[in-house]
Amino acid sequence: MIHVMQVLGIWLAAFFTLSIFSFLYKDNPFYKFSEQVFVGLSAAYWLVYIIYSIMVPNLFAKLIDDFFGNIVLLIPAILGLMMLMRLHPKTQWLSRYPISIMIGTTAGISMLRYMKSDILEQVTATMINPFAADSTSGIAGNLLLIIGRITGVYFFYFSKKQEGIYKVPSKIGIWFLMVSFGATFGYTVMARISLLIGRLEFLLMDWLHIIK
Amino acid sequence: MKRSLPLILAFIVGVIVLLSEFIPHRPFNQIVSTLENWFMIIAGFAILLGQISLIRMNANKIANRLPDWQYHLAGLVSFALMLIFGLLWGMQETPGLLGDGSGISAWLGAKPFDYLFENAYMPLSATLFSLLAFFIASAAYRAFIIRSLESNLLMITAVIVIIGRTSIGTMLTGWLPESLSFWHIPNLADFIMEYPNSAAQRAILISAGLGIVGSSLRIILGIERSYLGGDK
Amino acid sequence: MRLGMVFVLLIFSCLLCANSFIAQDSPWDDGRAVDLSWELSPMTRQVSIQRVNEEGLLVDVHKSTLAKGSFTDNNLEANETYRYRLTADFANDNLVLITEATTVEQWFAFRKLGFLLLLLVLSCAILYYIHAARKGKDFFIRRIAGLDSMEEAIGRATEKGRPILYVPGISDLDDIQTIASLTILSHLAERSAEYNTELIVPCRFSMVLSAAKEVVKEAYIKAGRPDAYKADNVFYLTDDQFGFVAGIDGIMLREKPAANFFMGSFYAESLILAETGFATGAIQTAGTAQAHQLPFFVVSCDYTLIGEELFAASAYLSKDPQQLGSLKGHDFGKLMVILLIIIGVILQILGISALKDFIAGAAS
Amino acid sequence: MTLSAVMERRIIYTVLLIAVALPLIFPIGWTTEVSEYTNIVYRLIEETPEDKVVIVSFDYDPSTMTELQPMAEAMIEHAFIKNQKVIATALWPMGVQMAEQAFDKVLSYYPDKQRGIDYVNLGYKVGGMVTIQAMGRSLKEVYPSDNQNTAFEDIPMLQNIHRLKDIAWISSLSSGVPGIKEWMMVARDNYQVPVTGGCTAISAPGFFPYVNEQRQLYGLLGGLKAASEYESLIGRLGPATTKMDAQSIAHLLILVFIAIGNIKAYRSRKGRQQ
């Protein structure tokens, strides 16, 4: 029986794979069906996943294990229930409390994290002696690095009309952005083609057995 | 009160988090991880809101026989199946309400939840992801056109990096002498990635970082409150 | 010959210097680590360090082959005294050294002083400008091309009698980009209420759904059209990244929105959304601070808000003095960054790295 | 002749699909320039004497299989060519199946190799670094039996193998923690066993610095490209090479699309000018 079910599973997977690909041609009943099945399955998947991997170990198991030792966990539990009060228009306002606590936390953490890793670390990473590199291309690269960063940051300077002399660094900044966008695009092609290769391998190998 | 108390709460929590970065002493050093844990639990409860919204919307479409209602029925059925399977027999090593379901696993080769995951969810997800291969080709075809200086820069660097990433680049300029090795396409692609690309990426990070720091500050101080609804 | 002399001298001087093993409380921390350092004769073959645990037993903490080295023993208890034993194997004998240290829990992480100072300077600047703006000072903001399209997009949707699709990113509320996106959504919802154009907002997370509903509803009330608000137009799809994308693709194909907005945090799916949207002929505006996804939006959308423009958008749209002031504060930050980089580079060229170390220490 | 935008897109998609599928079915076998990192790995295995016992550790799961499985197959095949005996271990639970699959594949070319004599799969052990540390003292204690429940002392090829020191080289195919870094820190740094291996293209830049003068890592295969290089070194037209062919063709095709797009744009601009 296992074997039959495995084969059935592969055919099911192949059906869904082809249905999604069919979307490239145009919208059709197969895609519509797969799309809705996908939404349904994945919503339930994450619900079950969160129950088993977060709610049970982080909350229920701890409370059952040692209620008074983990009594502080009642706070998020109550806040979580307050979130659910949204379902009723009369009690909707209660959900503002958990939301504001979560957003306050987020704001605090983001402020620190971004200040540290996206501002200070990037600034120090640019404080280099461009002439310390051992090759001409290294020195040129370092100079580009410094100029690119300064003009790139300047491109985002909003409080000055970008005219006349002020337009120059901002223009150079755009050039750097464009080079970077092109490079990122080109660099990603390989990873994206790999995804397609993976799917074709499934179809040609596991399903059709054309390749070994 | 319904309005200002939440803002005060956000302020207090935000300030505590900020302080905890600079105070290694207890209890501050544990606050962030506690709050993050709470965040997960609250979000865990909140996920039900979404699921109820999903069920309600689908049920509505089915009840009113709106166009394509059959597909929404299929969606609702798959949602229910996955949920019931997961709750009854669990997933992977986690048992469900009815235990491990070894009988049904022996028949199916895996737990029902995992069977659906493996044979329906995974291929759907991977195939949708793989559409990117097609889209990256059509986007390149349409957008990489010689027009202005900016779009030329975009196109030229993309082409150099695309060539440089595979064996084609090696074949094309492999004959260049050592002194010109900088212009060997794979080397050139590496140079672009390492210097101008990272310069611009960092510039984006720095300025966006400033935006995030500023927005966070406004949120903590209660100046930015649109997330509670409305502007003022 | 000369080299030989130097070598002999080196060995001699090292034999003279005493073998040392020092344990010290790691400074400015939560009192849960001890810094260990040792300097032994160059004949050392192997060094092993053990800690005495509460039962008096020896526990291995580190092994090394270096004659001079250091190691930080983490995950200790605060305010306790720990004893360490170092065993060094030489060519033909071995040596045991013992030392101890007491962990101390500190009240201020001194090495983060630079971080704190810069954060304070930036925050004060932002607050100062917000204050000035409130007092009525008028701040200028340059044009942001991506945002001028908003009116055009709403206009086009109204003309064609087709809806507008707004995707607030795929991150949860714990991403500031999502919150910035909700602020933009609030303006867009108000305009679309005025024009009486339908607005569709699919959400990936329940928390975002909650907030988005609130935002859209308020906006319709503000525009004086509470009756036009359709609760079902702001909805949840699934928590799954690609399930969410599949759902949005379906909406784009069937509802054929005349204008698509992708604002917030996006990952690999950015190109799937933008290309499908392009194929349906919608006018598309995207905005994200996710540097890796920007190229795909730039290539496939009509307008793109790049990086910080996403955060500047709500100030630009609302002309709200507080937000304008805040934006001015960010600009101050940019000048500060540029200045720091220039000074830092000059100092580095001169061989001085004090400034870099000061800031880098703060960031570590 | 002008095509509608919809038709154009459909043509692009179809051509791309065929272009990627064909080399998978009919491999071309384009050879690539072999990088030094790959060469070092190759030389290590090539120069290890016959009958030595080696470890290939499967520290990944199906999500990174596309890149790492071809490496595992190529390395096992190389060891078999040189008559070395292969122990498979796994620091990741799913690694055990990955190892079985790799052996099945390679055995289809070398049917005379026997389990227990030429290769063995010792299975998964939890613990990462601590486990490796313990293997340094006694392999038998960590693995009382293999994954077929044959006792350690009953496995012929392991008769003279007691601890890591008795192993000629260790290769970790690694997609995260625990993985190649842990092997390097314990097996190489403490027991001086040469450690080599492979990782995904994304994580390779982080490991290349360890391929240094001290040979902390004895070479490294980074991603599909390196796997295809390795296949070309052992003269096998394997999965990595065919996938790399598909990659190269897809890249070429995208360049062709860009060129056609430009020609079209140029023509329509000219048309408008007239």
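Here the chain labels run A, B, C and D in written order, and each chain numbers its own residues starting at 1.
Here, a residue touches a chain if its C-beta (ideal position, glycine included) is under 8 Å from a C-beta of that chain, and two chains touch if they have at least 3 such contacts.
Please read all numbers here as calculations on a predicted model, not as lab measurements.
In terms of the stated touch criterion, the partners common to chain A and chain C are B, D, listed by label.
Both chain A and chain B are touched by C, D. Set against the C-alpha centre of chain C, every other chain centre is closer than that of D. Pairwise, the chains sharing the most contacting C-beta pairs are A-B.
Here the spacing of chain B and chain D, counted between their Cα centres, is 28 Å. Measuring from the averaged C-alpha position of chain C to that of chain D gives a distance of 33 Å.
Chain B and chain C, compared by their mean Cα positions, are separated by 15 Å.
For chain C, residues touching at least two other chains, in rising order: 115, 119, 122, 173-174, 176, 179, 206-207, 210-211, 237-240, 242-243, 246, 254, 291, 294-296, 298-299, 306-308, 312, 327, 330, 333-334, 337. The set of chain B residues touching two or more other chains comprises 21, 39, 43, 46-51, 54, 68, 124-125, 128-129, 131-134, 136, 138, 140, 142, 144, 154-155, 159, 162, 165-166, 201, 204-208, 210, 212-213, 215-217, 219, 227-228. For chain D, the set of residues touching two or more other chains reads 6, 9, 13, 16-17, 20, 247, 250-251, 254. Chain A meets chain B in the complex at residues 1-2, 5-6, 9-10, 12-14, 16-17, 20-21, 23-24, 29, 32-52, 54-55, 58-59, 73, 75-77, 79-81, 83-84, 86-87, 93, 96-112, 114-115, 118-119, 122-123, 125-126, 137, 140-142, 144-149, 151-153, 155-156, 173-190, 192-193, 195-196, 198-199, 202.
Within the complex formed with chain C, the chain B residues making contact are 21-26, 29, 39, 43, 46-51, 53-54, 57, 60, 68, 124-125, 128-129, 131-132, 135-136, 138-140, 142-144, 154, 201, 204-208, 210-219, 221, 223-224, 226-231. Listing the residues of chain B that touch chain D in their complex gives 133-134, 136-138, 140-142, 144-147, 155, 159, 162-163, 165-168, 170, 174.
Contacts from chain C toward chain B in the complex involve residues 28-31, 78, 105-109, 112, 115-116, 119, 122-123, 126-127, 130, 172-174, 176-177, 179-180, 182-183, 186, 203, 205-207, 209-211, 214-215, 217-219, 221-222, 232, 235-243, 245-246, 254, 268, 271-272, 274-275, 278, 289, 291, 294-296, 298-300, 306-308, 310-312, 314, 318, 320, 322-323, 326-327, 329-330, 333-334, 337. By the touch criterion given at the top, residues 8-9, 12-13, 16-17, 20, 30-33, 225, 244, 247-248, 250-255, 257-258, 260-262, 265-266 of chain D touch chain B in their complex.
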